[in-house]
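In what comes next, chain A is part of two complexes: it sits with chain B in the first one and with chain C in the second one.
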Partner chain A sequence: MAKRAALYGFLALILALLCLVPAFASDYVVSLFLDLLMWIALTESWIILSGYTGYISLGHSAFFGLGAYFMAMTWTHIPYALGVLSGGLVCLAFAFAIGFPFLRVRGPYFVILTLGLSEFTKYLFINLEIKLGGTVGRILMMTPGLETLYYSVLIVGTGATITAYFVKNSRFGIGLFSIKEEEDAANSLGINTSIYKWLAFGISAFFPGMVGAILALRRSYIDPYTVFSPAVSFQVIVMAFLGGFEDVEGALLGAVVLTLVSEALWAQYPYYYMIILGAIVIFIVKFMPLGVLHPIKQRLLKEPQ
Partner chain B sequence: MKDMKMLEARNISKRFGGLMALEDVNISVAQGEIVGLIGANGAGKTTLFNVISGTYAPTSGRILFKGREITGMRPHEICRRGLVRTFQVVKPFRNMTVLRNVMAGKLFGKDRVKNLEYAREEALKILEFVGLAQKAHVLARGLGLADHKRLELARSLAADPELLLLDEALAGLTPTETVEAMEIVRKIHEKLQITILMVEHVMKAVTGLCSRIVVLHYGRKIAEGTPKEIAENPEVVEAYLGESIEA
Partner chain C sequence: MELTRILQILSAGLIIGGIYALIAVGLNLIYGTMRLLNIAHGELIMLGAYVTYWLYTLYGVSPLISMILVSAFSALIGLIVCWSIFLPIIKTSKSAAVLESNSLLIFFGLSVIFSNLASLLWTADIRGYSYMTKVFYILGVPLMHNRLLAFLVAVVVCILSYLLLQKTMLGKAIRALIQDREASQLVGINARFIYIFSFCLGFAMAGLAGCLLSMFYEITPFMGLPYTIVAFIVIVLGGLGNIFGSLMGGFLLGLLETIGVSLTSPGLRPILSYSIFILIILVRPKGIFGRGVY
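Up next, the complex of A and B:
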């Protein structure tokens, strides 16, 4: 119990420090932290569906892009905070709308289906934008300052992390993990598997929608190729994989490590960046399939019985 | 109320493409009975279980549980009404502890317990009941077959069944383990007052536990009666290709 209290204290301290970053750090550092928090939000929300139920989704970029486009289309018409929240809600609604048929397929078929979803939304927006404006990109003017964007991502990232934590340790979470382990047995044991997966899909889509909305303003120029890029989904998976897939600490660690490593490599070796990153990922997948954290976690975070 | 029909499956047929897996099968289980369901491999026993528990919808026929129609309901709805099944090939939640497995039954079965701490206590009691308490905190994937079978029983019991469908709960066990498992089944029936319908190949267990036996052969019911009547039924003996049924 004392250990747990110490952990909460430590997390509160980190959160407090994160709040202070814009006050002291340079714009470069703030941007880096903004990036970090963005990936944390994306990865933590991703594990709620994919880490907990085992339905590996490549759909995160679809929700990210949708949030970004929602913001781009409503910017200057509605207030910033409302735009961000609505970006998330639109994705939640979209996930709920497509959830039932999507979640009927399992395993690799689900992966491919969600990849298809990202591509579909990408080309939908390319065509839509050409129809509407004759060109595909959108420039956003009068965007909020770096500090505002930073705090927004901090809130969304913290929200996603806390949600992932509470879902995991809840009755709902036990249901989701049962689905991952043996879906038929879970269903026969009284779990409404369709509804559970559907809810997890919706929650999981809500956060990337908000992140996308914020990031649209951060970049101030968006087009479907970048915001719907499958790279977003892949990066999220790699991060979750690095940390070890099915828990909050793992996703957090994966997001932090990969963002920092990417940043370092990108700055030092811009040409070899992807190659080095790929090699690291292959190494981890091969030798630490349960994540870098796993061996440490086995020792430290064993559930107190 | 002793004669109340717990389960009534009327004229059940199930077709998979050109294969008639079940043909006009009638089976009923009264409250408090242990009924055995036997038949050679491919006779349709597991298919019948799948139809009753909602995994498959029957091609035709009706299923009544405690007098209410459950035909076409989804497995979780049927479970919540108090009809719970086990699986022939055990399906534990492998990467969860034994305790969590059983907690899941408590949380989502008939009781739909909302409090995790309460579910945990109840789950421990059930583990005690099936003799698996000392392994409560082991991951399910680390168990041997006999313990897997116990876990499968414990998890189903946690869902608080009134009728339990046991699909070969004893298959693959050593003679000693079989005796122990039979004892658990008997305890489930006597102490917990749970009605049981069991598919079983171990004839000693069927004749030892069941008051009534139903025989399926190529998807049809060919006989029904006490263990003694079944053992003497020529059609049954022939269906088993002359094997002695006492074996």
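Up next, the complex of A and C:
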């Protein structure tokens, strides 16, 4: 228990340091941390559905883009915080609306269904934008400063991490894991797996919606090709896998490592970065199915039995 | 609408449908035998298109000859990938579900590597060449030679692969493996050989489709994903693992798209196909032809 208390203390310290980042760091460092927290929020929310239940979703970019477009359409009409929150809520509502029929579909069908969903929303918005404005992209004016954006991503990222943690260590989380192990058996034992999956899908969609809303303002220019890009979903999956797929710390570490790698390579050598990303994925799956960070994680974070 | 216009739409639908069928049969062959969903299928189409393009523009090799070269080249990639990555993984995976998710990730990795390697080597410029662009008329419908050729090749290859599956001993073994992996191995079918064979055949069909498409569509490093998704739509229409279904599904999607677009606008094409896709998965996940037509 003492070790656990020390761990909580350590995490609180990190959080406090993160709060102080804008006070002493340069704009470059702040935006690096902003990216980092954004990927943490996306990855942590992704594992709530896909890591825990095994329903691998490529639909995260759909929610990310939906949040971004919600913000782009309502910006300057409603206050910033309300816009971010509603961006998340819109995605939550959307996920709840499509959840039951979508989550009846299992295995590879679910994977390609969610890929289809994100491509569908992309082309829907392309057509919608051409109908509405004649052009595809949108420029956002008078966006909030870097510091405001940073703190909002910090809140969303922390929220997603804490949610993922509490879901995992709850009755609800055990139910989700039972879906991964053997869905039919779980059902016959009285776990209402449809409701469980449905809730997890909703929660998992809520955070990317908010992240998308914030990111729209951060970039100040968005178009459907970039915000609905399947690369968003793919990168999230790689991060989750890097860390070990189904736990909170793993997703955190995966997001940190890959964001740093991408920071070092992405700007100057985007193609090399993507090739390395692809190679990493193949390497991990082939040689370290538990995640590259599994041994490190075990040493650092293993709780005493 | 006058008759020529209707015929024109139908012929355009059939031509693109034939190529869709070729792409989807290749993808479905790999899924059916190995339960591996190849997200990198479109990237092989892209590579096939580039190889054809370079052979034609640099060395003047006719795309007709490239069809064979590209198929062999893609089959070779298939052989390497299958042998070095997938056979070991099939052996070490604990369950079918683990294998499915792991293979998805590996194919994703491959697709990212292929498309970015292509942009690195050949830049992101849109490329294309013209070949056999003469127009002739059937029943008053204008048709370009290259499209007709692509259609014929795609249909012939699809029919050949169907016959291979239905009429030969090898095909019988493949179908047995699709139906029941364990049982087929019990009766002495060499699963390892069939895995490699269907992998190479599937990849070769993707490369060939790329070669055919390059004759009249533009080539970019990122052209692959839409075709991958088209192939998914088609095999979902026809049923995962159902080869005959993919053949029919390809034509069906081609026709639906062309008719839908001619009634609305070209920009709506993706929305139309994705709606069909999502609807089919939700309503009839086994495909519209059901199962059992292996």
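In this section, the second predicted complex is superposed on the first by the 290 of 305 C-alpha atoms of A that agree within 3 Å, B and C clash if a C-alpha of one lies under 4 Å from a C-alpha of the other, contacts with A are read in each partner's own complex, and residues count from 1 in each chain.
Just so we're on the same page, a residue touches a chain if its C-beta (ideal position, glycine included) is under 8 Å from a C-beta of that chain, and two chains touch if they have at least 3 such contacts.
Given the structure is predicted, the values throughout are model-derived calculations rather than measurements.
Asks: Under the superposition described at the top, does placing chain B and chain C together on chain A give a clash or a fit?
Replies: fit
Asks: To the nearest 10 degrees, give me the chain B-chain A-chain C angle using C-alpha centres.
Replies: Superposed on A, the angle at chain A reads 80 degrees.
Asks: Looking at A:187 after the superposition, I want to know if it touches chain B, chain C, both of them or none. Which is it: first, second, both, neither?
Replies: first
Asks: Once the structures are superposed on A, label A:8 by its partner contacts, choosing first (chain B), second (chain C), both or neither.
Replies: Neither partner.
Asks: Based on the superposed arrangement, let me know which partner A:119 touches: chain B (first), chain C (second), both, or neither?
Replies: second
Asks: Looking at A:178 after the superposition, I want to know if it touches chain B, chain C, both of them or none. Which is it: first, second, both, neither?
Replies: first
Asks: Does chain A have more residues touched by chain B or by chain C?
Replies: On the superposition, C touches more of the residues of chain A.
Asks: Would you check which partner chain A:266 touches, where first means chain B only, second means chain C only, and both and neither mean what they say?
Replies: Neither partner.
Asks: Is A:111 touching anything from chain B or chain C once the two structures are fitted on A? First, second, both or neither.
Replies: It touches chain C, and chain B stays clear.
Asks: How far apart, in Å, are the nearest Cα atoms of chain B and chain C after the overlay?
Replies: Least C-alpha distance after superposition: 10 Å.
Asks: Between chain B and chain C, which residues of chain A are contacted by each of them?
Replies: Dual-contact residues (chain A): none.
Asks: In the complex, go through chain B and note every residue touching chain A.
Replies: It comes out as residues 53-55, 74-76, 79-80, 84-85, 87, 91-96, 100, 103-105, 107-110, 112, 114, 116, 119, 137, 155-156, 159.
Asks: Taking the touch rule as given, give the residues of chain A at its contact with chain C in the complex, in rising order.
Replies: Against chain C, chain A makes touches at 54, 56, 101-102, 104-105, 107-109, 111-113, 115-117, 119-120, 123-124, 126-127, 130, 230, 234, 237, 241, 270-272, 274-275, 277-282, 285-286, 289.
Asks: Using the touch definition up top, name the residues of chain C that touch chain A in the complex.
Replies: So the residues of chain C touching chain A come out as 31, 35, 37, 85, 88-89, 97-98, 100-102, 104-106, 108-113, 115-117, 119-120, 225, 229, 232-233, 236, 240, 267-268, 270-271, 274-275, 277-278, 281-282, 285.
Asks: Mind listing the chain A positions that touch chain B in their complex?
Replies: Residues 170-171, 174-175, 177-178, 181-182, 184-193, 305.
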